[in-house]
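Okay, structure first, notes after.
Chain nomenclature is as follows: A, B and C, assigned in order of appearance, with residue numbering initiated at 1 for each chain independently.
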Amino acid sequence: MKSVIAVGMLLTTTAFNNVYASETQVKTDGGISISILDGTFSFDLGGRLMIDAAFYDEDKNPLGDGTELRRARLELGGTFFKDWGFDLDVDFGAGRGDVKEGVIYYKGFKPTKIIFGHTKEPFSLEWHTSTKHTTFMERALNNVFLGERRIGIRTQTSGQSWSAAAGVFGESFKADVDKEGNEGWSTAARFTLAPLHSKTRSVHLGLAGAYRSPNSDNEVRFRARPESHITGTRYVDTGTITNVSNLGVYGLEAASVFDAFSLQGEYIHTDVSREDGFSDVAFNGWYVYGSWFLTGESRPYKAKNGSFGRIKPKSQKGAWELAARYSVLELNDGPITGGEEKNITLAINWYLNKQTRLLLNYIIVDNDQDANAKGNAVGNDDPNIFQMRFQVDF
Amino acid sequence: MKSVIAVGMLLTTTAFNNVYASETQVKTDGGISISILDGTFSFDLGGRLMIDAAFYDEDKNPLGDGTELRRARLELGGTFFKDWGFDLDVDFGAGRGDVKEGVIYYKGFKPTKIIFGHTKEPFSLEWHTSTKHTTFMERALNNVFLGERRIGIRTQTSGQSWSAAAGVFGESFKADVDKEGNEGWSTAARFTLAPLHSKTRSVHLGLAGAYRSPNSDNEVRFRARPESHITGTRYVDTGTITNVSNLGVYGLEAASVFDAFSLQGEYIHTDVSREDGFSDVAFNGWYVYGSWFLTGESRPYKAKNGSFGRIKPKSQKGAWELAARYSVLELNDGPITGGEEKNITLAINWYLNKQTRLLLNYIIVDNDQDANAKGNAVGNDDPNIFQMRFQVDF
Amino acid sequence: MKSVIAVGMLLTTTAFNNVYASETQVKTDGGISISILDGTFSFDLGGRLMIDAAFYDEDKNPLGDGTELRRARLELGGTFFKDWGFDLDVDFGAGRGDVKEGVIYYKGFKPTKIIFGHTKEPFSLEWHTSTKHTTFMERALNNVFLGERRIGIRTQTSGQSWSAAAGVFGESFKADVDKEGNEGWSTAARFTLAPLHSKTRSVHLGLAGAYRSPNSDNEVRFRARPESHITGTRYVDTGTITNVSNLGVYGLEAASVFDAFSLQGEYIHTDVSREDGFSDVAFNGWYVYGSWFLTGESRPYKAKNGSFGRIKPKSQKGAWELAARYSVLELNDGPITGGEEKNITLAINWYLNKQTRLLLNYIIVDNDQDANAKGNAVGNDDPNIFQMRFQVDF
């Protein structure tokens, strides 16, 4: 039996009802969103699902065609007492329950926000653009210098055309809590400026720096997959670098949107300082890419946090995007021969609607002789990769 | 019962809000269901919890009495833009976060549906009947030939009295994404016909076939627990079969409901083709069972996808069902001596209400000499098993 | 697509709607709560997030400063057909999906409730007080005798000023389901009495006992962290005690609230009976603590289940609490030299609002010579620990 009912915090006096009546909202666009008293209290439940397949045109090493649930994420968020909020996102793509964003925040000092918990270091334009909205299936090779979310405190603020964020962090929530050694820690800051930003045209400039102290093992390792996640092969790999006293990481960002066209690039440099007479080393990576929406959409820039947001197709037919990226990671320096990789990625993205998209990437990989997965692979391997993703977020 | 909430009546003064007025619904019957504009957008959150206990009347081998959370599942589903939908189910019964159904689908070409993601191969009546509704606690022994959900594409369609489905698949989302070898893949199809189906009487016939190519290890293994999950002992076990080029799997289904009585049976045959001069082998298994509702309910047949659905007790006292199953799995062929197992299961099911049920199973196990868990158990073991389950879904 | 839902005003539309209108509610205070027909059907979705950091003033052993997501929990609960309910809580703090409460219950025989599934043995005041509300970051050392939730059946009832609960249990859902040996089992009962309990003044007395039979390994082990979870060091550790036939556990509880002041204490004694001529051993632990709310709040006592509940700050500024605990665990007896630990904990708690709190604990640890983590640490170690937690529940 289906019978019609009214919803809400029903109180018997009509006057009081009116208060809630005009201010209680329940929404869905595939998820749930509930809000009371203009968001004094609210709750959102959503998620994302990414289904990948990859086919490897192998050169010297086997890479392993296959499929994957790249992300299967449940996302909760809420507001309480107006100024307080939380986010708890858990990913199940790997068959575990990996906490991604896991934070409590205070937003009472608008526009400043103070965030406590498991979150991202303020660093990198591409990293701060949600995987729901990144132009390519995988972030560029130089993302290797950023690693995972960490437990700490981050504060961020913004003006009309700029954003600033800084924080102090421990390690990822997955860092073994049973180790007797001290955890590593880090501090990072990022500043972004948008000298121009309108709905369809924007210029973004960004600057970031981080200082990281490793945990009591004093070790660090950088290694990256060839911008394809289904293979486990990481050609470029420094191996374990010992006697590390600290890391200095620096990043430069630039991006511009001109109607249907956009350009974006980032350079990240990492200094590894070592003790006990071991020589310091430095690595770097950069990428630059261009994107063109055949259907006329513009990549939406969010000056308040210096990142890009959701593409909303203009027509029922959806949006079509062409993109190309050149990406370089250089892990050779002094005694460390981690190898160098240079990738060209060609992309076709079909945004079926504002929540669903199909991504096709073709990656032309160029590894040098040292890019041999620390001897576990043959160097100078130049495979081509075709991979696709079907994605929904709700 | 479901109570439906219509909202927005307050806003009937304006045309805009009027659109939503009579068409937004919020329901709960223990879970959450929200729907807007007759389901143009909707979201459902539910789950299931199954609490098991098993007691083993041991014969030759120890089996290990115990308890278990057989399933503790969170289930999200939604519709967006009318024709698109998703499902994301995660099970926590094993203390991990195992994705079960994880799909995006398009249902715009009614009655045809195209499904992308982590889902079941179209195969087997019992496998396509949800564990919320299966007559016995565990599916029959021959379910061993089906394995797990896989990542792929499935399409299905149906008529008034038939259903057809076919798909192409990779491996389960749990298949190691770091392996350099290629994943296995498979293709499967299923056709079901219901020459007769009314509310209380139906006849079901089904036919299914699958072709599977193993991953680059070229290995396959079939082994099954004695229709009881708490013990880890798998008497029937082919061990690893090497040099496998491909599998051919064939299934026959038949079922009939006559008011409170029903019969169901399935036969599944598997051909294992091997290369490099290794001899081909073939295995098979089948079951047949009968069910009788003392309280007069009928098992609800769903012709549109050839499966059975939820039992709704006729009275406040709930529904009572008696059932018996004979199940056989034959894993002996040529060089492979995986053993043969024959089980008789007697069942009493009490459906306290449409969401809660108590299951009692008594299993009489008859193993042959080769059913020795590849030498890890004594063969010819004939234990009896008493197990029960308390289940809720919401 | 979003739709604004107005509530309550259906009261004014038709009598038909009016029937339901006054009985249906959708709420959020950071989570979701839906209720229909005065709770005949209802669903709640919430959770908790606890972000910890610890700094160790080490004495003889390294302990390892660090951060942690102590709890990141998703909590579902519901009612259906008025008398039935379920709870399914999953914790992701460890990067898995650990089921905590996972139960189906029947509450038709008010005030008696029958609970099936994964739940707590009825034992201990502090253990039955949710970690959302416990006065200190970690429960006292003697909590080691209680262990984890177990799968079983528990029944509880209560009067105006007393509660009683008893149950029979198997093992935790995490106990290996593949073990051939039988699971352990236990039975436990708890009775609490509140000779006095008003809103701001109460006296609690409690008595509990448990009998436990270990699994087929006939082994048991007691070990505890120093009331700090980030270090993995467990100074007090009996090691594996073999040939155990059964355990007898006894507990005494007392607590009192006098306006802003409260006292609480528990003593737990465990007899370990051993067979095959191995000598029986006995261990015990106890704690006592006092708490004072500078801002005048009272710890809310719930006589119906003999536990304490949520602190609701009286003012916008939140509530401030000072507390001190003395805690002892004695694991030395006869051949077992598990060591003795005595901790003093000083606490400052700031309840920012009814859902958010900041906890600061300073722990002065006093270990004896045998408290050496079974030889993995230096005995007689007396570190001091500073730890803090930021917590939200929604």
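Keep this in mind: a contact is a pair of C-beta atoms (placed from the backbone, for glycine too) under 8 Å apart; a residue touches a chain by one contact, two chains touch by 3 or more.
All figures in this text were calculated on a predicted structure; none of them were measured in a lab.
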| item | value |
| --- | --- |
| Distance in touch steps, counted as few as possible, from subunit A out to subunit C | 1 |
| Numbering shared by both copies at the subunit C-subunit B contact, with half separating same from different | different |
| Inter-chain centre distance, subunit B versus subunit C - centres from mean C-alpha coordinates, in Å | 37 |
| Sequence positions of subunit B contacting 2 or more other chains | 1, 3, 5-7, 9-10, 24, 26, 32, 36, 41, 45, 74, 90, 92, 96-97 |
| Contact set on subunit C toward subunit A in their complex | 1-12, 16-17, 20-32, 36, 45, 47, 49, 51, 53, 61-69, 72, 74, 90, 92-93, 95-97, 229-233, 352-353, 355-356, 390-392, 394 |
| Footprint of subunit B on subunit C - complex, ascending | 1, 3-10, 13, 17, 20, 24, 26, 32, 34-37, 41-43, 45, 74, 76, 78-81, 84, 86, 88, 90, 92, 96-99, 102-104, 116-118, 150-152, 170-171, 173-183, 216 |
